[in-house]
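What follows is a pair of complexes built around chain A, which joins chain B in one and chain C in the other.
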Partner chain A sequence: MLSAILVNGLVLSGIYGMLALGFALTYGVARILNLAHTAFYMAAAYGLFFFLGRMGFAPAALLASLLVLLIALAAYKLLLEPLREHEATVLIVTIALALLLQEAVLLLFGAHFRSVPALLPGFVEVFGVRVAQQALLALLFAGVVLLLAWALLKGTRLGLGIRAAAQDQEAAELVGISLSRAGNWAVGLGAFLAALAGLAVAPMATLEPHMWNAPLLVVLAAVVLGGLGSLPGALLGAVVLAFAEVTVVNLVPGGAFLRTAVALLILVLVLVFRPEGLFGTAFAEER
Partner chain B sequence: MTSPLRIWSLPWALRYLKHEVLALPGRTAALLFVLFLLLFPLFSQDPYLLRVLTLTALFALYAASWDLLSGYTGQVSLGHAFFFGLAGYASAILGRELGLPPALTIPSGALLATLAGVLVGLPSLRLRGPYLSLVTLAFPIIATGLIFLFPRFTGGELGLSGLPRLGQSRLEEYYLVVGIFLLSVLFLWKLAGSRVGLFFHAIREDEVAVRMVGVNTVRYKLLAFAVSAFFAGLSGGLHAHYLRVAGPDSLSLFNSIQPVIWSVFGGIATIYGPVAGTFLLFPFLEALRVAEELRMLAFALLILLVMRFLPQGVVRGVLERLEEECPRCKVKNAFTRKACRACGVPLHLEAREVKP
Partner chain C sequence: MGLLEAHGLSKRFGGLQALYKVDLRVEEREIVGLIGPNGAGKTTLLRLLLGIHRPDEGRVVFKGQEITHLPTWERVELGLAATFQNPRPLRRLPVIANVLVAAYGPRGGRKGDWVKRAEARALDALEFVGIADKAKEPASVLSQGELKRLEIARALATEPELLILDEPFAGLTPVETELLAKSLARLRKGGRFGRLHSEGCAMVIIEHKLSELFKIADRVVVLNFGEVLAEGTPEAIAQDPRVMEAYLGEGAYA
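Our next item is the complex of A and B:
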């Protein structure tokens, strides 16, 4: 049982980690609480399903993620950036965007459950647990993607600018970082990470137009748990919540009903004791 | 500006009507709206239309209660369905266990929601902005998990059905709901315009500054949570008894998001904005049932387009074009007037060329 929790928790951590890092980037730099974030992930999974019928896996995955990137950047430039002063309006525009994507998918593919064939079919035994090879591949993929994202953020000037903007917008602007450019990059990178998470999940999960609801809550909780604006915090939050979810499903009778509830309960408890999250910084504007 | 309304004096009331209500497009629209709601059954008693209007009035009260907490006080709640659904379930369970009539169980449900509002409000003393929104979001979802876990007591996925009706006939139910809706919104509007409402505004703008001038912001924030939760609970209880079922749908994420959409669409921090937003969007969504497949798509597109061009909400966007403030005495005037109706100052100063 313990090893099952460990292995499944790690796989889920990888997926949530990619989603949470993308979300944290979008919020930290562009200050958009993007409720359409996991809708991008759903769109990428469906994109993969659509393109797979026409070409091989690699080009299909590339096309699907580029499509999502295009949608996200267009939405940011046309809808979100002009409305930035109106916070509540931005919030419902992202909700409307998520609904729009959901309904477009519903129209194009119907409400049936769809599935993408696994790239690596078959199972292996890890610590005495039968694990789909596809899940291990997804874990590996998530690890590589997160390492690359980390290298980009830590090792380049662009990454330095993005991290600076996430920490303190005013100070970043004072030292000559273009907030609008950092915003473009952060939104693009965030959507791209969501798309990659969608690609990793597609072969393991059933695709349906409402598949964005449950991960959205977990991602929101993970990012807030780690502290808004803190990128390592978002990753840590994702790992904590992924393991909490897997533990509850495995140990508590009827746990499947409680999986999201427990994640959110942890969030509430942590925030009561540390109102700014685990690694949160107080934003300059809110100081 | 205006002395209190002396309704016992008919000539005075007529003068008031002419000079203070009909002179402004916004107030005329509000008067017509109230008359429309009260007189509608004289023209049509189509059960479907009555049903849509009743539900819209219920949800408009729900949206207005969200606005008091989130629009005015700035404590953005993404879990308002907690109060709405909790009051519905409480009313249903009280009716089932104790056999009390809805006239007693709905107010008790709303009072329970008020208590829940204070409880949910407690974290708000330490949390701000998105952190608070996320904590409020958690409550209805935790409650849904508990409801599924104890299906014997709560009815599980199907909910509790067969609740007693609000009234004997559709018409009675309509007037009951519309009456409660109008009175509650009037109360919320008066509260928001009062000294307390001013504190709410100020807490949203700069809480530290409000505390600096010696206002107990904790008390006002909890008050906003309590009042808002009471009216959300009231509408939730009425909703459960109107549909005769209290189900987990009333606690869903979508039901938490709905008042946000309606309020922002109409314009936040106005009370009348959320009402207008609900009365525009809810019947629109109902009318779209003719094209079931495209329904939500059209809804999302409409919101995207309208918000892109009227980011402060429909009511503010339209009123800004129909009314303007006198530069000298700050009285509102209809856009057709050339001079201010109170002080006579010309409103549209034309740019004349200044001769050297």
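Our next item is the complex of A and C:
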């Protein structure tokens, strides 16, 4: 039981980590609380499903993620950036965008459950737990993606600029950083990470037009737990959420039905007892 | 033509006329003191010059180029730099990274091993303000005085031609104040500070510690209720009865 929690928790941490890091980047730099973030993830999964019927896995995955990147950047440049001074409007536009993607998927693919064949079928034993090889592949993939993202943020000049903009927008501009350019990068990277998470999940999950709802709640809980705007906090939050979810599913009878309740409970608890999260600054002293 | 010229700047916040038709002119290598009672519009003027706010009316010209509508970062590329009244470091980043962000900007050029040069400049900027020994520590551990110096190092790393300082002496000990005043005087003269190069930097300094300010300023502009009340040499301003009145209230000096 313990090893099942460990293995499955790690796999889920990878997926949630990619989602949460992308969400935190978009919020931190472009100041967009993107409620369409997991709709991007869904779009990538469906994109993979669509293109897989026509080509091999690698080109299909590439096309799907590029498609999502394009949708995200177009939405940012055309809809969100011009509105960025009006925070509530931005929030509503992202909801509209999520619903738009959901309805588009519904129109194109119907409400049927769809699935993407596993790249690596079969199972292996890890610490006495039977794990789908596909899940291990997803974990490996997530690990590599997160390491690359971390290296980009920590080790490059672009990453330094992005982190500066995420911490203090005015101060960043005052040392010559273009918030508009940093915003492009953050939105692009954020959507790309969401798309990669969608690709990693597609062969393991059932695709349906509402598949973005539950992960959105998880991502919100993760970034609030980690502290809105903090990138390491988002990753840590994702790990906590993943393990909490897997623990409840494994230990509580009928726990699978409580998945989203776990995220919701953590979200509420954090907001009540520590609204600034683990790594965030309290709202009052945000500046 | 002056290095910086602001013509007829006005700015309203709701019902409050924060600035009304203010002119400001800064020559090359000139230190202009900007004083006035709280709420006189000093910080608003500074924010208009930097592009953090846009004026309702008026123009800002820097090095002969109109910059009224340029975003802040483009003004920084042109050679403006500033420090905030309350230091706003990137607290989670190391001290040196705070300065590097600025040093990597396009003002350092993009030729040859510009990255190495930018990194050297960042170190020398820390050296110049005297906190190079803290380079690797996170900015959050610095004292208030060190944070103020970090802000100045960050501004210097862009090798500015005009430096705008909002209360640089506030919160400093007398010793720190004197050191900083000396550093500013050296900066204005220009020269090489390690690999940090200054052609001679003009400054606009907002300050309430008037005695310190008057020692280094060439000219002082007094704002009151959003308008220019007086302008002149520190000596003339120190003896101007209107200035005393604005600071202390009518009749206070009589």
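Everything that follows uses one rule, which is that the second predicted complex is superposed on the first by the 277 of 287 C-alpha atoms of A that agree within 3 Å, B and C clash if a C-alpha of one lies under 4 Å from a C-alpha of the other, contacts with A are read in each partner's own complex, and residues count from 1 in each chain.
Simple rule for what comes next: a residue touches a chain if its C-beta (ideal position, glycine included) is under 8 Å from a C-beta of that chain, and two chains touch if they have at least 3 such contacts.
Being a predicted model, the structure only gives us computed values, none of them experimental.
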- prompt: In this superposed model, does chain C or chain B come into contact with more residues of chain A?
  reply: B
Query: Counting only touches as set out at the top, which of chain B and chain C does A:D168 meet: first, second, both, neither?
result: second
Query: Who does A:A88 touch here: chain B (first), chain C (second), both, or neither?
result: first
Field: First (chain B), second (chain C), both or neither touched by A:S178
entry: second
Task: Have a look at where A:A104 lands relative to chain B and chain C in the superposition and call it first, second, both or neither.
output: first
- prompt: Between chain B (first) and chain C (second), which does A:L152 come into contact with in this model arrangement: first, second, both, or neither?
  reply: neither
Message: Once chain A of both complexes is superposed, is A:L63 in touch with chain B (first), chain C (second), both, or neither?
response: neither
- line: On chain A, the footprints of chain B and chain C overlap at residues none
- prompt: Touching chain B in the complex: which residues of chain A?
  reply: 27, 33, 78-79, 82-83, 85-86, 88-89, 91-93, 95-97, 99-100, 102-104, 106-107, 213, 217, 220-221, 224, 228, 254, 257-258, 260-262, 264-265, 267-268, 271-272, 275-277, 286
- request: Mind listing the chain C positions that touch chain A in their complex?
  value: 50, 52, 71-74, 76-77, 81-82, 84, 88-93, 97, 100-102, 104-107, 115, 154-155, 157-158
- prompt: If you look only at chain B, which of its residues touch chain A in the complex?
  reply: 70-71, 76, 123, 126-131, 133-135, 137-138, 141-142, 144-146, 148-149, 253, 257, 260-261, 263-265, 268, 293-294, 296-297, 299-301, 303-304, 307-308, 311-313
Touching residues on chain A, where the partner in the complex is chain C: 157, 160-161, 163-164, 167-168, 170-180, 230, 287
